[in-house]
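After this come two complexes, each holding chain A, first together with chain B and then together with chain C.
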Partner chain A sequence: MKTYDVMVIGSGFAGMAATLFAAERGLSVAQTGATGGIDFSTGFIDLLAVHPIAEQKVWEDPFAALVALRRDLPDHPYCRVSDDEICRALEQFTTFLGRHGLCYRGRTGKNTLTLTAAGTMKPTYLLPCTAWNGVKAWETKAPTLLVDFSGLKGLSARQIAEVRKDSWPNLKVARIKFPGMGGELYPEHMAWSMADPARRAELAQTVAPFVADAEYVGFPAILGMTDTTAVLSHLEELLGRPVFEIPTLPPSIAGPRLRAAFDRGLPALGVRTYTQKLITKAACSEEGFSFTAGSGSTSVEIFAKSAILASGRFFGKGLKANRHRIFEAVFDLPVSQPENRALWHRPEFFDPQGHEVNQAGIETDENLRPLDAQGRVFHPRLHAAGAILAHQDWMRMKCGAGLAIATAYKAVASL
Partner chain B sequence: MDFFSIGLVLACASAGLGALWRMRGWFRRGAAMGRPEQGRPRPGILGFLGMLGGGLADLVLLRRTLRSPLRWTGHTLLILGFVPLIVLHAMDGVVTRPLFAGYEPTLDPWQFLRNLFGLFSVLGLPLLFLNRYMALKKFSRLQDWTLLAVVFGVLVSGFFLESFKIMSAGDFKRMTDDYFVDAEPEELISLKAYWARENGVRFREFLPTAPEMLELGAELHEDRCAGCHSPTSSAFVSRSMTALVPASLHIADQGRDLFWHVHVGLAFLGLALLPWGKFFHPVATGINLLSRGGSRATDTPKHTLARGLALDACTRCGQCSLHCSVAQAHRVLGNPDILPMDKLADLRRHLDDRLPPDRSAALVEGSHICTECLRCTQVCSAGIDLQDLWMASKKALTEAGRAGVDGEIRKRTAGEWARELASRDLGRVGGTGAGLADRAESFWGCVQCTTCTGVCPVVAVSEDPSRDLDLAPQQIMNLLRMGLKAQTLGARMVWSCTTCYKCQEHCPQGVPVADILYELRQLGAEILRKKEGRS
Partner chain C sequence: MTILTTRVLIIGAGVTGAGLLRDLALRGVQALLIEQRDVNSGASGGNHGLLHSGARYVASDVEAAVECREEGDILRRLAPQCIEDTGGLFVAVRGDDERYVSDFSGLCAKSGVPCRGLELRTARAMEPALSENLIAAFAVQDGAVDPFMLSLDNIAQAMSLGCSMRRNLAAVSMEVTDGRVTLVRCRDITTGGEVLIEAELVINASGAWAGRIAALAGAHINILYSMGSLIITQDRIATRVINRLRPPSDADILVPGGTVSILGTTSIRVPTPDGCRPSVAETDRIIDDARDMLPILDRTRYIRAYAGVRPLVSLGPAGDDRAVSRGFSLIDHAGEGVENFMTITGGKLTTYRLMAEKAADLACAKLGVAAPCLTRTEPLPPSSMGKWTEPGRGPKSWVENRAEDDIVLCECEMVSRSVIDAIVDEAKDMRGRSMLKAIGMRSRVGKGPCQGGFCGPRITGHLYDREVSTGTQGLAELKTFTERRWRGFSPILWGVPLMQADLQEALHCGAMDLEFGPAPSTRDEESENCPATAFKEPS
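On to the complex of A and B.
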């Protein structure tokens, strides 16, 4: 059986981040997990933008928001990490992505408003460089052409213009046929096809007649898979205008881009990744943890001295629910949850308070070590990170990626 | 006209006519396969010499049979012995006699060599028999065993013939009648005594053994016989075989006549059968090996005639069927035309318009189950570019409207197939079958996220997936979830899936997408097989 220093359970934002941080500290790391959260990401790295949820208060300064949050919600996982740790975690994470072709930028200490596929402006902390020209266009309300494609369901330029018409009247839209493809289009296929410079030239040629006096041109996020910077600058050169991307509805290609960057970068750091394998058996001892990953003939046995549980909530399969209760999937740790099922959801689907079930998760100590039913540390070398942590609603607080990366950093630091 | 003349004329006629028929087949079948696409450009002088070297290495050294040492040894021994026997012995009147002055079959080295070559051949045959019995029994047909039997018969009867000739007093008398006309009785007895003792002739009468008589016999032999007769001991196999016949039996003359007829008769049979069936392989395979120039790939220049020849070059050694990538499909479906060797035979019959309809359907199915993995071409000991034949024949069959179920499916849309298939008694379809596609558990995790479609390379290469594929993978999962299984069976996506498993590996909810697509395809194929009246 292979023995590792750390086993990271999960391959979403928290799992990838924990794996990266542990590997960069020189530990031997094994990672398991299936396709999950990160594949459905918009590519934005939110830190914290909304608090309190019920008031829908949007913060420009995420660190000021963190101060308020730590004061109001003492159980929130962000109370376990310092601002300094958060900054170092984000720095390390985006540096790694930058090395693997995904450039990120933002404003120090400030959230930035960026355009979404729905036409809304989303406050986020760090965003892909391919979206940055969109921020500049929005902030100067510059005349901008938004392009969408016949057959691509994930983004409607007309909808964006309709939603933004009062605050950004200089938006023009064009729906064009994507060169070389017809019928229903899928972002990943389009993005791969953009690797061909001839395809970019065809695209630019089709778009050019619509540009006129527009100072910027926005596209759905389909501009390349691994070579986004080159694709973007080539299009800018061909169109003679700054170009930007708007993430499409999930699954967009932002997620596969992130996953691909980790797929390229983590093995180079010596990480052993067991992709598409969920943990099917786990046993703890004083020495560490024995796991079975996957089932049937392809299952593997792994031993690790420490473990980081970053298995996500329901979509990531870290939590499972039956009609009465919510369970933790690997160690059957106690899960903080509403007393009964009637309290899981509020009557209104879009209730600004969110739903109780979306705060369910596991309890930890200061060092992010999960607690057992008696409130004691479950195992001294088991840590948890990301969405599986209780008392946070990352979707409504706009803190998903930041929380995942920061808690992963803390978990690794506490090993 | 005697037995020999009649036999020779008939055998030559059969061989000649058969060879013409064969060559006509090369042209006709080659043309029926369609014009070949040009592969590699034609080689220059150096390239040609390289190809010649490669071809000769295959032909002379039997390089391609090295995969089975038993077979290589058997073949090498047989060829090493049999070819010289045909050239130097069977055709001695036209080859050996004009080339070597004073040639007599009863002189050494010919007498000795004949035995040596015969021994090589006889030793090779049991090895080939053993190889066929151990490795290729299930692929072997009557003609495979017949060829071995005829060659063995020719060789063994030849040894027996020579053996009885050695013992034959009748032959001795015929010779002395011709060449000892003026001999004294005492001289004849001395010669007989000498030949009985030295050369193994068996006489009925008592012969003296006095030294002076034998000395006289030896002198007479030196004077009158030795010019044409080496000692029969140099026919080391035949002479030894005389011990098999008890001295008390005086059947040498009868045995000689019998084995002469058997030996010559079998040789004529072999000659007559040469252009027919497997008997032709020494010729066709040899030419094919030379024309392939040692290549094991599918990149040599092609010609319609070369294709026709390749179709004839199969030695039915079974290597291709042993190594076929889709042999498992043969085991499940029982269609022999999935395996290259049988498919080749049926392809030939198809090109001759001699294939019955049910076998024709089997050929079409077998052709489409082939994955063109190239393995058969690489292992073929006859150097046949099977891959080229499969690709050409598949194209020709498709052009002739025989594209198989894959082609049939593409003639209609998924909706049209749904109406067609739903109107039949479809058994499991839409029912509560035990397949993955029938179980709610297979799909209940599906959130229609389109990840499967997004990563699908088949969808990616389509310019318009809804036009080319009818339905995307996630749409198929959705239809199944709604219980509309018949709607999916004829979808081009199901029939175009390469089972690369990317969809299944990327599904965030663990839906076995690829397994389901494969199951649907098998079910659709089963229904269409039934439609064709095959089980």
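On to the complex of A and C.
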């Protein structure tokens, strides 16, 4: 049986971050997980933008928001990490991504509004560099051409221009045929095809007639898979204008880009990843944890001295629910949850208060160690990170990736 | 202001109003059908889609049983495109009332309802999902009917014969002069404008809203509102309709609906027919009860719940709603001094044609028209209006007629852009306030496992591309559409559907911040009347 220092359960933002942080500390790490949240990511790294959610109060300074949040919500997982830890975690995380071709930027201590596929403006903390020119274009309301493609669903330039027309009247749109492809288009195919400089030239040629007096050109996020910076600057050169990307609805390439960066970078740090395998059995002893990952003939046995539970919520399969209760999928840890199913969701989907079920999750101690039914530490070397933690609503607070990365950092630091 | 004149005004485009429009059209009587929302917005769109053999009523209501038997035969013969003639079973399990079981076939015989006893082994071979605890089984002639296609086909033929229909037109008041309704004042829900209608005769076919419409003319009907909730399984559980053989109660019937099965129903008295929605408690109760008959229902995946309000005409002291007659009520308000006004309500989907016939008979007598009813003998021609509501139609069309640049916008039900375009072109000014909602009503869009989570935003983008949506109106429509789906989605969220909902919320709120932006409308009245204002977003 393989023995590792740490087993990371989960391959979303929290799992990837925990794996990275542990490996960069020189620990031997195994990681399991199925397709999850990161694959549906927009690529933005939210830290914290909305609090209290019921008031929909939007903060420009996420650290000021953190002060208020820690004061108002003493059970929120952000109360377990310091600002300093958060900053170091984000720094280490984005440095790694930068080394693997995904450059990030933002304004220190400030949230930035960025365009979504719906045409709404979303506050976020760190943006892929490929989106940055869009921020500048929006802030100056510069004349901008938005391009979309026949056959690509998931982004309508006209929708964005319509939704924004009162606040950004200088938006023009063009729908073009993507060079070399017909029928229904998929962002990932398009992005890979952009690796070819000749294809970029064809694209620029097709777009050029529409540019006119536009000062910026925006595209759906299809500008390269692993070489986004090169693709972007080449297009800028060809069009003579700053270019930016807007993430499309799933399937998008924002998530696969992140996953691919980890796929390239983690093995180099000695990480053993068991992809597309969920933990089917887990046993704890004083020495550590014995896991079975996957089932049937392809299952593997793994032993680890420590473990980090970063298995996400329902979509990530970290939490499961039947008609009567919510339970945790690997250790059957107690899950803090509403009394009954009638209280899980509110009558309105878009209720600003969010659904009570979103607050469900694992209770931990100060060091993010899950608690058992008696409120004691379940195992001294089991930690939890990310969305599985109770008392947070990352979707409405706009803190998904930030919370995942920061708690992963803290969990690893507490090993 | 618009003034319309018509010989007969029918209020309410449920299946009864639709059937009545056709009946009158076939008798050569020009009629106008108006509807405050859309076709089958009320109970006609919120039922099992069960074509009753009559067996359900043999113990409680012999008249209803006979009507169902006769009408079922007529519909099977004359409107086969709307019906899946599945056959049905009545089954009892251990613990059920054995006296009721032993009386059953005799009661069926008395009503002339065909019924054949089955060996338990045979029944379980026919429907393997049935419990091992079966104690009795009978075969009957139940079937499944597509109520949307039925109403749309009725309307289509009537329109081809010169009758007309207006959706999104709500009757708000009536002028009664010398014992006659002389003017019906309506509000166009889409424009907010006033429309006046002059008719020789006004027929109230507004189902659960019949009491309110009657009151506009100063007439009085005591309607009880009985809400019934149903849940839809992800897959089809049984080939046939399966009924629990016991006195009518909750969770007694499982009806096939194309690729799914529909389980229900409950019966809860509600104070108003507006804004009914299924609850978690009801959904649980349905499953907890029905699993005795079909244990698989305890571990099956559900995709949606929904609820409709039965209009029950109260004729005596209030008691159990199921004890109130399921027969229909045809009320001539001449008895209350309004000569040219009548109400047809109550009844069942299966007997809609008979209800329309009886109402049309009375209408013709009042109008002095001698033409006989033809709906009993004339086939109902299939139309194209209801075609996209048919499960499997979208994928079939996509595979057969696929153009290279046609893309699939709804992947659960395989509805392509060209289908959406066809629906948009047909809907035109009948769209009401929301084209997205109109598309949902006329197709399988939003009805698959994602419940609109993915197809909603995609079709919204397409509607902007087509310039059907402008400004923030498209986002407001998306939010309203999502809230409408949520009504039926939220009661069944555990297991895989909960994962789906988690993803949908991550997409709509986590990624697109749609909890900000234009306010959705969730109450029926609001969704129809309130323009999208208050665009709140981060600043």
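By our rule, the second predicted complex is superposed on the first by the 415 of 415 C-alpha atoms of A that agree within 3 Å, B and C clash if a C-alpha of one lies under 4 Å from a C-alpha of the other, contacts with A are read in each partner's own complex, and residues count from 1 in each chain.
Convention: contacts are C-beta pairs under 8 Å (C-beta built on N, C-alpha and C of every residue); 3 or more make two chains touch, one makes a residue touch a chain.
Given the structure is predicted, the values throughout are model-derived calculations rather than measurements.
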Partner chain in contact with A:P352 - chain B first, chain C second, else both or neither: second
Partner chain in contact with A:G182 - chain B first, chain C second, else both or neither: both
Which of chain B and chain C A:Q392 touches, first, second, both or neither: neither
Chain B versus chain C as contact partner of A:F315, first or second or both or neither: both
Partner chain(s) touched by A:W192 [first = chain B, second = chain C, both, neither]: first
Which superposed partner A:P251 touches (first chain B, second chain C, both, neither): first
Partner, of chain C and chain B, that touches more residues belonging to chain A: C
Partner chain in contact with A:A34 - chain B first, chain C second, else both or neither: first
Chain B versus chain C as contact partner of A:Q276, first or second or both or neither: first
Intersection of the chain A residues that touch chain B with those that touch chain C: 40, 182-184, 250, 315
Chain B-touching residues of chain A, taken from the complex the two chains share: 34-36, 39-40, 180-184, 186-189, 192, 250-251, 256, 275-276, 315
Footprint of chain A on chain C - complex, ascending: 277, 279-281, 284, 287, 404-405, 407-409, 454, 457-458, 460-462, 464-465, 467, 469-472, 474-475, 479, 482-483, 486, 490, 493-495, 498-499, 501-503, 505-517, 520, 522, 536-539
Contacting residues of chain A [partner chain C, same complex]: 37, 40, 42, 49, 56, 58, 113, 116-123, 150-151, 153-156, 158-159, 162-163, 165-166, 175, 182-184, 247, 249-250, 313-315, 317, 320-323, 340-342, 344-345, 347-352, 354-355, 357-358, 394-396, 398, 400
Residue ranges of chain B touching chain A (in the complex, touch as defined): 449-451, 453-455, 459-460, 462-467, 472, 505-508, 510
